[in-house]
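Two complexes are shown next, each including chain A; its partner changes from chain B in the first to chain C in the second.
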Partner chain A sequence: MKKHNSFSIEGQKARWGWFFVAPAILFFCLFSLYPMLNALWNTFFNVKLLSLKKPEFVGLKNYAYVLSSPDFWSSVKATVIFTLSSFIPLTVFSLVFGLIITTRKKRHQLLQMLIYSPAVLSSVVAALIWLLLFDPRGIANSLVNFLMRTPGIDHKWLTEPAKLYMATAMIYFWKYIGYFTIIVATGVAKIPTSVLEAATIDGASVRQTIGRIIMPLLRPTTMMVSIVAMLNCMKSFSTQYLFTQRGAPNAPLNVLTLNIYKTAMRDRYISRACVMSFILFFFMMILTIVRMKTSESKE
Partner chain B sequence: MKKAVTVFLVTLLAMTMIVAKGQQESATDLSAPVTIVVWTHDDPNRSVLEKELIAEFTKQNPNVTVDYQTYPSGKMAELLTVAFSAGEGPDVFNQSQSVIRQFVVEGQVSALDPAWLGYRSLSDITSRYIEGSLEAVSLDGDIYGMPLEYTNLCCYLNKRLFREAGLDPEKDYPKTWEEMMDISSKLVKYDGEIIVSRGFDFRYATYYLMEMLPMVEQLGGKLVSDDGKTAVIGDEAWLKFFNYMKEWGPNGRNLGGPTYVSVSKVFDLNDGQVAMSESGLYQESRMRSANPSFYESDDWMVIPYPQWKDSDLRVPCHVSCHYYMVNGNVSMAKQIWGWRLVNFMLSHSEEYLKRVNLVQPTHELFESETFKNMPYSDVFKTDLEHATLTYYSANSSAILEKMKQAVEAVMLQNQDPESVLKNFRRQVQSILDEE
Partner chain C sequence: MLRDKSFSNRMSNLVINILVVLFLCVILMPILFMFTASFMKSSEIFSMPYRWIPKEFYAKNYFNAVTDYGRNLTFVRTIINSLIVASATTVLSVIVSAFAGYGLSKFKFRGQQVVFLMIMGRMMIPFEAIMIPMYIIAVRLHLQNTYTGLVLPFVLNTFGIFQMRQYLLSFPDEMLDAGRIDGLGEFGIFSKLVFKNSTPAIATAAILCFRGQWDNLLWPLLLSQKEMMKTIPAYLVKFTEEKYADEGAMMAVAVMASIPIIILFLTLSKYFLGGSAMYSSSKE
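Let's turn to the complex of A and B:
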């Protein structure tokens, strides 16, 4: 491997490169890497919030406790259901909306604004708005009853597990679809127009252009969208938290992040919360690698 | 001779300790400027009163300044846990018995030295309070907090709605839980199966141990055995309770549930949303502010906490007690001034009662004309005479959450009470085993 001379142009560029990324690296080390390593260290001790006693080394006991806890596995189940029911529609529909926005000649900006506007709301505000809609006397019941001609039926959006999964996934979809649509639209816009023009001249239909040209060229974008959407769904917290605060049953909503929060803040077992965080991190890393590998193999 | 020497040595030791304690205080410079940071939960009416009392206190003690900060009540426990864990806790704070116990057990709060307040012994202070009210802040003979509010829940009843349903509120008010369900069935109004007006509903949220556990205890059941080692005693009592809650919920007679708006928030509006709501004496002050004409009218009354029909055990609603505490990790001067501030504020118990309807559990207050003249204070007092503090331990928040989940499982998810009970016992036992 050829080494750069430090006085060469490449060497100088590399030095300036390091200079510009140094603040970001410093911030990452200070506010992300150090807390992560500290959390990993804590998993081997019995650290308890408020306790003035020196934490004892317990080895892998915290891991054994968490992995044998039914509460943890019910959280894994809730997380998996929520992630699958949110990230698949998010990935598919962001692609559909992205294509619609970029192919429409008229009012595409208005459409873009309509789809993106929920993304500017905070998750807490979004959840609060939807809680009002899902209230037994709210719009959700009225609308469904109007459409299905079933006056006075309570569809139990906030109490039945299946409806709760649907309700929380719906909120998440509504909140984030705009964000991912914009990413897809940007990806489509980056496809050279000459390629699309060449396809049109060669007589390709719209379906052929989308299926044979746009979709393969969009693969890096769709991969990025699917990974980010999946990771965001696995980290979802505020919607579930607010629903449980408003009386919805805990079990179907007890996603891993909520369990981590309760274990740390309510039960004060910070070490166990760190263990769950690391398990979640591990799952997320594995799934990201798998997704990247499957995408690479298609190429 | 030996005996005389022993007595002399013991006396000398005792005197040395007293002098040392006195020296500790005299070594602390109490004239130096000091700022006391107070964290308390949101209560607009109480904040006004406490700010006035603080102004008076700082006027009397010009070297003391007080930084009074309020936070949402639901967030306080979390904020305090994080702040104390980081060594940044406030100098003075208040919380309920279920939260503060962990601060006491973990040694985070200051033990009161009666000399700081000018008393000779701790009993001079504890004798002011009614029996049992200081339990949650007592440990190894020391006191770690002073009660700010002592609240039991009774049932507020809207007479107009009773009359409209063809009931006589004075005679037909529910005395038993069975009657509560039957009367609520008569009062509830639906649009199809959606409730638009409730007869009675529970408080849910953080009230499970306070308002629902007595229902189990009236039947002889217990959350924890007397020795604190065994969880969930008396299956029959627990099953009867779970079946009742199942019947109450949307899969039973559909009389209410935790996803509806809290009844205590809408009772005062007198707009037909709810006919009965459990609340403390403080609700009268809220009603007076929110709806003065309803407060002044003869359209409401307060009835005791119901009992089961076949229950011999008199167990009214449990008591929630909020205590003011002083941070034990701050300088001695701050601890002393913190305790003096708390003592000063809480010595105005009649002001707290008159202006914010908060009851402090002092003998003097219960015997005062102010208390006796409060509407329906006798109903609260009669229940209080049989009441005990809501369950508290270092892990009571976790146990509360498990009870909430169990009630939700039978009520909202229609699960079988027997399997819910089995699961609930396993969870609580696991918490107890770790204590």
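Let's turn to the complex of A and C:
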């Protein structure tokens, strides 16, 4: 700041501006910037948790190790399958239900609250409820057997890999479908009624109105929902953690976050965990940038 | 759009209503299951077809859940921990967000753009990517098993800052100037005029933060090894590991772990819904 400025009103206001953003900057430096740089630094060294030895420089060895380890690739596979199998149904059905509930005018507030309710529960609670529903003696088996007329069959929701993917994706779907439906519904409600009225006057059918008018206008919302859903799925941890703690097979549940946690806390390989964090961060960053770009183009 | 009263339209209306009801059943069934199963013995939970009304209300589940079968009150302690951590994080993060949002929207200073971009950039860093170095820092500062350690990493709430800034951009400057003329200091203007008149934005940010902390498992799992410093999600996981076969008690713990957040939802639902609605209106 220039000297002759600092006693003027402008200068004083500028100082107050700094005063108000200072706490945020402080927390940013301490709890975001520093850990980030520290994580990057760690990836080039051989850091072990609680070891008193000075970490030695190993160059790209950690990256080489992680990228050639089957354990890491099985985690990538688990994360990708889980993410795809939850965010695609989430996006599609939130669009469908979002469109449907905006046509229901009666008791709108109550309907929204009921739909939203699973998102209020914590992830561990959600996982716990479904753990019991998917129990060999539980409701899931009895319902499927009733519908498929196959009495007494155990569908092994919590032991077969393919079923485990389905089970975890279903939990995620259940927990977040209401949340995203509300987002879509808000997006639909924002479409000016004059546009819809004009369409009706011009004799557009319901199908045409949805396909030609609502969907294109809803594109930014759809984009946003799918990316936010994808980001959330990539970060998911609680469900998988609870299931493995209850003895479900590890491979299909070993998502990246769980692998990072175990590598750092159980095996104590901080550096390798940091490498994995960075890979996860890289993909999430790309998605976030895409999301910001799409919400900008809306303006 | 669907105002036509012809027969086919009434039929499609009916079909849509049925779809809505089915959808609601799928959504609400697991929650209802949680409540009813929490009053059942394990054997009754798994006797199919499931009875949606418990035969006898087996309230002992709740006693077992709260007192860990009459042994200790760790559960109560963890609930209190969760309340302390979530409330402290919420209060601090709301203050920091309101400060920063105000500074970024109503003042001009050099470097403002840089600060704003920095905070936006932080949105891209998932907590999972920095939790390990964060943990090492916490260990060095001896913050393991402390409330401070559980709270501090979550005080910076970039989404909250962004929302506050957007909200305050449309806050009337005349009001601030009137405050200045009336002799309020800059800080007085913030606390008496700005903060008090931003209730919707503040409430939404607060609710989102509280909910997030109530749900937080990963960080407390890293940081709190002591039983006495665990929070509710970690306690739930441990309880299910140990009481492998007592499903009724598990559901009782789950119900009680959800009660504070359910109360919050029932009283302040519009801010919960507003929080998710904000996503689609964040650029107004």
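Observations on the model:
Going forward, the second predicted complex is superposed on the first by the 248 of 299 C-alpha atoms of A that agree within 3 Å, B and C clash if a C-alpha of one lies under 4 Å from a C-alpha of the other, contacts with A are read in each partner's own complex, and residues count from 1 in each chain.
Just so we're on the same page, contacts are C-beta pairs under 8 Å (C-beta built on N, C-alpha and C of every residue); 3 or more make two chains touch, one makes a residue touch a chain.
Model, not experiment: these values are computed from the prediction.
Applying the stated contact rule after C-alpha superposition, one finds that A:Ala251 touches chain B and leaves chain C untouched.
In the superposed model, A:Ala64 makes contact with neither chain B nor chain C. Look at A:Pro118: by the touch rule set out above, it reaches chain C but stays clear of chain B.
Residue contacts after overlaying the shared chain place A:Val195 against neither chain B nor chain C. Touching more residues of chain A than its counterpart among chain B and chain C is C. Touch criterion met: A:Asp267 reaches chain B, while chain C stays clear of it.
Applying the stated contact rule after C-alpha superposition, one finds that A:Lys156 touches chain B and leaves chain C untouched.
Touch criterion met: A:Asp135 reaches chain B and chain C at once.
When both complexes are aligned on chain A by C-alpha atoms, chain A residues 49-50, 135, 137, 245-246, 265 touch chain B in the first and chain C in the second.
On chain A, the positions that touch chain B within their shared complex are 49-52, 71, 135-137, 141, 145, 151-154, 156, 158-161, 245-251, 262, 265-268. Residues of chain A touching chain C in their complex: 1, 10, 13-25, 27-28, 30-32, 34-36, 38-39, 42, 49-50, 97, 100-101, 103-104, 109, 111-126, 128-133, 135, 137-139, 142, 174, 177-180, 182-184, 186-187, 190, 196, 200, 206, 209, 221, 224, 228, 231, 235, 237-238, 241-242, 245-246, 256-257, 260-261, 264-265, 270, 273-274, 277-278, 280-281, 284-285, 288-289, 292, 295-296, 298-299. For chain B in complex with chain A, the touching residues are 74, 77-78, 81-82, 84-85, 102-103, 106-108, 190-196, 204-205, 250, 257-260, 395, 397-398, 401, 404-405, 408-409, 412-413, 427. Interface residues of chain C, counted against chain A in their complex, comprise 1-2, 12, 16-17, 19-20, 23-24, 26-28, 30-31, 33-34, 37, 45-46, 48-50, 95-97, 99-100, 102-104, 106-110, 112, 115, 118-120, 122-137, 139, 152-153, 155-156, 161, 186, 190, 211, 214-215, 217-218, 221-222, 232-233, 236-237, 240-241, 244, 247, 250-251, 254, 257-258, 261-262, 265, 269, 272-273, 276-277, 279-283.
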